[in-house]
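One structure, pasted below without further comment.
Letters A, B, C and D mark the chains in the order given here, with residues in each chain numbered from 1 onward.
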Amino acid sequence: MDLFLTQLLNGLVYGVLLFLVSAGLALIFGLLGIVNLAHGSFFMLGGFVALSVTAATGSFWLAMLLAPIPVMALAGLIEVAFLRRLYARSQLDQVLLTFGLSFILTDVTETIWGKGLSSLQEPRGLREGVEILGNVFPAYRLALLAFGFICAFAIWLVLERTRAGSMVRAGVDDARTAMGIGLNVPALRTATFAIGGGLAALAGVVAGPLLGVFSGIDVEVLIPAFIVVAIGGLGSLRGALIGSLVIGFADTLGKAYIPGVSMFLIYFAMIGILLVRPHGLFGQDPSGG
Amino acid sequence: MLRLENVSKAFGSLVVSNAVTLDVTPGQRHTIIGPNGAGKTTLINQIGGQLSPDRGKIFLHGREITRLSAPLRAQAGLARTFQKNTLFQALSVFENVRLGAQAAHGRTYDMFRSWRNDTRVLGLAEQAIEQMNLGRIAAQPVGKLSYGDLRQVEVAVALATSPTVLLLDEPTSGLSPSETARMIDVLHALPREISILMIEHDMEVVFSIADHITVLYYGEVIASGAPRAVADDPRVQEVYLGAPQ
Amino acid sequence: MGEKRSQTPSATRRDLVRGAGLVTAGSLVSAFPMPAIAQVTKAPIRIGCLNVYNKAGGIYGQAIFEGLQLYLDQAGGKIAGRPVELLREDDEFNPQVALQKARKLVESEKVQIVAGPLGSHIAAAIAAYMKKAGTPWIVTGAGSTDLTKGRLPHMFRATLSNWQVASTMGAWAAANLKREAAVIASDYLAGHDIADAFRDSFVQGGGKVVKEIFTPPGTNDFSAYISDLVTSPPPMTYVFYSGSDAIRFVKQYDQFGLKAKSELVGFQSTLDADTFSGQGDSALGAISSSIYCETLDTPENKAYVDLFRDKKKSYPGVFDESGYTAMRIIDDAVKLIDGNVEDADAFAAALAKTNIKAPRGPVSFDQVTHQAIQNVYIRKVEKRDGVLRNEPIATVANVGDYPPNKA
Amino acid sequence: MTTATFFTKWPAARGFAFVAVLLPFVVLSPLALLSGYGLDVITEIMIFAIVAVSLNLILGYGGMVSFGHAAFFGLGAYATVLISTRYDVSPWLGLAGGVATATVAAVVIGAFCVRLGGVGFFMMSLAFAQLLNSGAIKWRPLTGGSDGVGGLLRPDLFGFDLADADVMYLFTAACLAGALLFMRMVIASPFGHVLVGTRESSLRMQAIGYQTRHIRLAAFALSGAIAGLSGGVYAFYNGFVSPDALSFGTSGMILLMVILGGKGSLLGPVLGAGLFLSVKNVVSTHTSHWLLIVGCIFVACVMVCPEGILGFAKKLSRSGERR
């Protein structure tokens, strides 16, 4: 029984980690309608910048604070230089563009930081284990759990309760009307894409102590993040949270109790859910209404 | 021909169709009018199968089609136009119309012959094009047409499917006076084998074409009958003239 | 391959096809090996370095290549008076691509020697072709136990076999560490190969495997498996991972406090010089077996490590050394035949006579299977001057090939 | 102008006549100029051209963005090898089995995918391909895991041994030509036009009486069958197959070939496959920045010529004609 509870906790932590990874993806899709295949690259870049920051300063907290900034700038630049011209085009073009960018960013990352395997050290104070349910549970994972829920709440608060958030949502619902009432929609879009990239980078930093930092992690996190977003409903932040938890639990419990099929479980979950709800748990039918 | 019985539909708390009952008799030119937000397009969407009603029944030629998908309704003889542009942008006018004709009379899954061999479909398409006077723009891609031309292509595509009931969603909206006049002529020229159910704003058009008018107000039928009788109906006058803002 | 794939199709059939191609007979370039040229040329020796250089595994492919290059630079870029060209081809870790690239190297680039690859699945995929082509092939990375069973006359594995490294650890651990162990490994062929080798020798030595877990390659989160172990910790856990999995597992194993309860023992790639930067102190105290150890106290190794650290700040890993020693083996063999590498048979015979003192220790080849016979070291991760390194704690000398391969 | 004059002026017709004249030279000259390895390179290009052509049917004509097309390519290859070696039957039967397996899989997977439009389709196709890839790695007794399965010997065809590079080349060329002729027939057929209609406006297609899901599914199955054929030939070519044949990377590469050459045109994917693989063959030896090059090709395609090189060339020639 204890083991089962521990596994549930493991699933919860993994789910929250997946939420941090997929929140930016859902945000960008929800607000801009872009399927961002370079999301994993932003995640990876966040980790590498954090690696450089910790190497220079020794502070994980400083890395968490600073690492998203250059990635946000890069994401903003990408939006201005490329994506801005593609909103009127088909989703395929956006998918292909971001797919191509992910190759380029991988190559650039390898050129700057090399192909070696690294990881981030947890901040002091979170390195020890905490006794839970009679077993040691890493303090860092508990902190991650709390941080994930704080992030979810903060994103919700910003989007739903602030002027900036309502401006962004207005720009999304109806770009023409939003422009009519004087909103700078292009700037809003740039900001949204930058923030989405920044969230990915932040996830890359906080995941660093668990998942490591290396070239290739971009694809490793991109695919589960996509599954999460597909299950939750494209573009729905609430969906991303629920989808993350579903995958977190399914993956962890699958590994623990049916290891033979754990490799397939997340795909089965996705296919099953999309079979019943083609637009995900919280997704809206884009053609309806 | 087409009968609606107590068709109701709500989006959340917003009732868009409230127990709508109406009857389109063979050869009838039936027009639905009503102020904005009356639920006219939603009603057409329920008849066409793009939306399904929450309650009530829809009959075509005496057969219930309430749960039938849009393609099956079309195959049963129902054709419609759209207000928003959903034509095949990259294809020419002729191709658009030809796809309509092929839907009713062609072999969809034939992969082994050229479409050029199906003379029957080609003939029907040409006929619909001539009916709508679109010969001059037949080769142009639809994506490059003016709004007025698009409205006529809409009708031509629907006609090419050889419908028995034609649903027209504001066929003259956005047309110039001369284009409107031409559309009226075209609609007048349609054979009486085709029954028409039409949404229209332009009262001139309504009264020149309709032999039956139904007034929809907040999803409810408030009047239905011959044009003169409906025009004299006090509730209709209140809605159109004296309705509070 | 089989008899059916005839090397020389009948002339009539060939001519017929050629005729269709509107070709006169003389223009065809023969792809078949020409008789060896007697006199030695001064033309460059071309070595095809078929390996994975990008993404997963790229770090190891790169290490092997740099190892070859390092030795070559040290030798002045020449072997037996002939300049040497290294041609890189990326197999992308995809056997289909690898086969294509192997043909490119042999048929189009006309290399005299192929060095590589890292992936056992790559080696298996090109083996049939390499056998047919007859080009000397120095295996620098692929460890699958079965590879030497095929006994390709021109193939020499100048590096580990999984069996050598894992079974040595099994026997040693049963005798010197604990009698019960859990085995956890990556769920692909190498993982099963290594787990089998460890289990067999461990059980033979009186040990007992209490649990076996195989995890999908590229697992993000090991917590489910680790929690399973934590509830009733086995006295010892034997682990095979490489690359990112090695980083994650060792870190997460430590984070859950399991390291204190269950001795962490691993295959060489799980705890090697190139994984320490990712694992950090989580690797400290863990034990592994390998054909190489960066802190070996021999003159050959000290010279090599100094040379390596001149170029890079870090310590060499097993694949750095594998590349370096592979080129050393090539160098010796080529000298033995006065640079006439075009004579593949003579070159193979020279390779078989290899008997050197490499940084890793003495290396010779099994005369039947052409597997390197070498020491296997039991190593422990220690921290010296703030740097993590493996220190040898035991040596099992001159370990040969998997016996059934020779039978 | 009567309607008769413009529909006979089908623009592809001229181009195709041109190709028909050139074709014998194109096909036969490599035989004259190249030997073993060079021919093999072209053979491989043609194999990928076939699968690119198949993807183009659903992507270019049907508007379905599949990120998992390697699933059918790989399944075709696996089934070909497994049937031929496990049941010890003629590899030709294996190839037929490969095509059949890919077709059946395309029907099943397609039934899930075509329910979803746009991004949903893309995700679903990706998920199924990943599932099959995982399955190929995991189910070792059948698939040989990450090593793959081998032991397939190229068979004879009318007394000619496919083990001969020349014969293999001609066989593959025939397959590609067959695929192209078939594709040309399909896109000029009533079905081809219906498929384009679903790409342009699904809503309208339904409103005029087409069951768009069935149409999309039929196209998907057809595309899967051709991809399966291509995979089967690839299995002949290599003599084995590994999970990489149905990986994300292979799917992406096939997609790139279509986009690079030009989606929605008959020969675009062939051009794309040829260009991509030749550039790769030459360049990847000399640089460690191959990924950067691939990425730049993607970005350049999207930003500069979204209709691919062929579309770009057409646009140029058209604007030339106007002047």
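To be clear about the criterion, contacts are C-beta pairs under 8 Å (C-beta built on N, C-alpha and C of every residue); 3 or more make two chains touch, one makes a residue touch a chain.
Remember, it's a predicted structure, so these values are computed and weren't measured experimentally.
A.B. asks: What shortest step count links subunit B and subunit C in the network of chain contacts?
C.D. replies: Shortest path length, in steps: 2.
A.B. asks: For subunit D, which other chain has the most distant CA centre?
C.D. replies: B
A.B. asks: How many angstrom lie between the centres of subunit A and subunit B, each centre taken as the mean Cα position?
C.D. replies: 46
A.B. asks: Which integer distance in Å separates the CA centroid of subunit A from that of subunit D?
C.D. replies: 33
A.B. asks: Go ahead and note the Å separation of the Cα centroids belonging to subunit B and subunit D.
C.D. replies: Between these chains, centre-to-centre, one finds 41 Å.
A.B. asks: List the centre-to-centre spacing of subunit A and subunit C in whole Å, with centres computed as mean CA coordinates.
C.D. replies: 37
A.B. asks: Which positions in subunit D touch two or more other chains at once?
C.D. replies: In subunit D, the residues touching two or more other chains are 134, 137-138, 203, 291.
A.B. asks: On subunit C, where are the residues touching two or more other chains?
C.D. replies: Within subunit C, the residues that touch at least two other chains are 54, 187, 216.
A.B. asks: Taking the top-of-page definition of touch, could you list the pairs of chains it picks out?
C.D. replies: Every pair of chains in contact is listed here: A-C, A-D, B-D, C-D.
A.B. asks: Mind listing the subunit A positions that touch subunit D in their complex?
C.D. replies: Residues 29, 35, 82, 85-86, 89, 91-93, 95-97, 99-108, 110-111, 219, 223, 226-227, 230, 234, 263-264, 267-268, 270-271, 274-275, 278-279, 286-287 of subunit A touch subunit D in their complex.
A.B. asks: Given the complex with subunit A, which residues does subunit C contribute to the contact?
C.D. replies: 54-56, 58-59, 62, 187, 213-216, 218-221, 223-225, 227-228, 230-231, 243-244, 246-248, 251-252, 255-257, 274-275, 277-280
A.B. asks: Quick one: in the complex, what on subunit A touches subunit C?
C.D. replies: Residues 2-3, 6-7, 10-11, 13-14, 17, 106, 110, 115-119, 121-122, 129, 135-138, 140-141, 209-217, 220-221, 224, 251-256, 259, 262-263 of subunit A touch subunit C in their complex.
A.B. asks: What residues of subunit D sit close enough to touch subunit A in their complex?
C.D. replies: Those residues of subunit D that touch subunit A are 59, 65, 67, 112, 115-120, 122-124, 126-128, 130-131, 134-135, 137-138, 203, 248, 252, 255, 259, 289, 291-292, 294-299, 301-303, 306.
A.B. asks: Residues of subunit C touching subunit D in their complex?
C.D. replies: The touching residues are 1-2, 4-6, 9, 13-14, 16-18, 20-23, 27-31, 53-54, 87-90, 92-97, 99-100, 103-104, 107-108, 120-121, 124-125, 128, 187-189, 192, 216-217.
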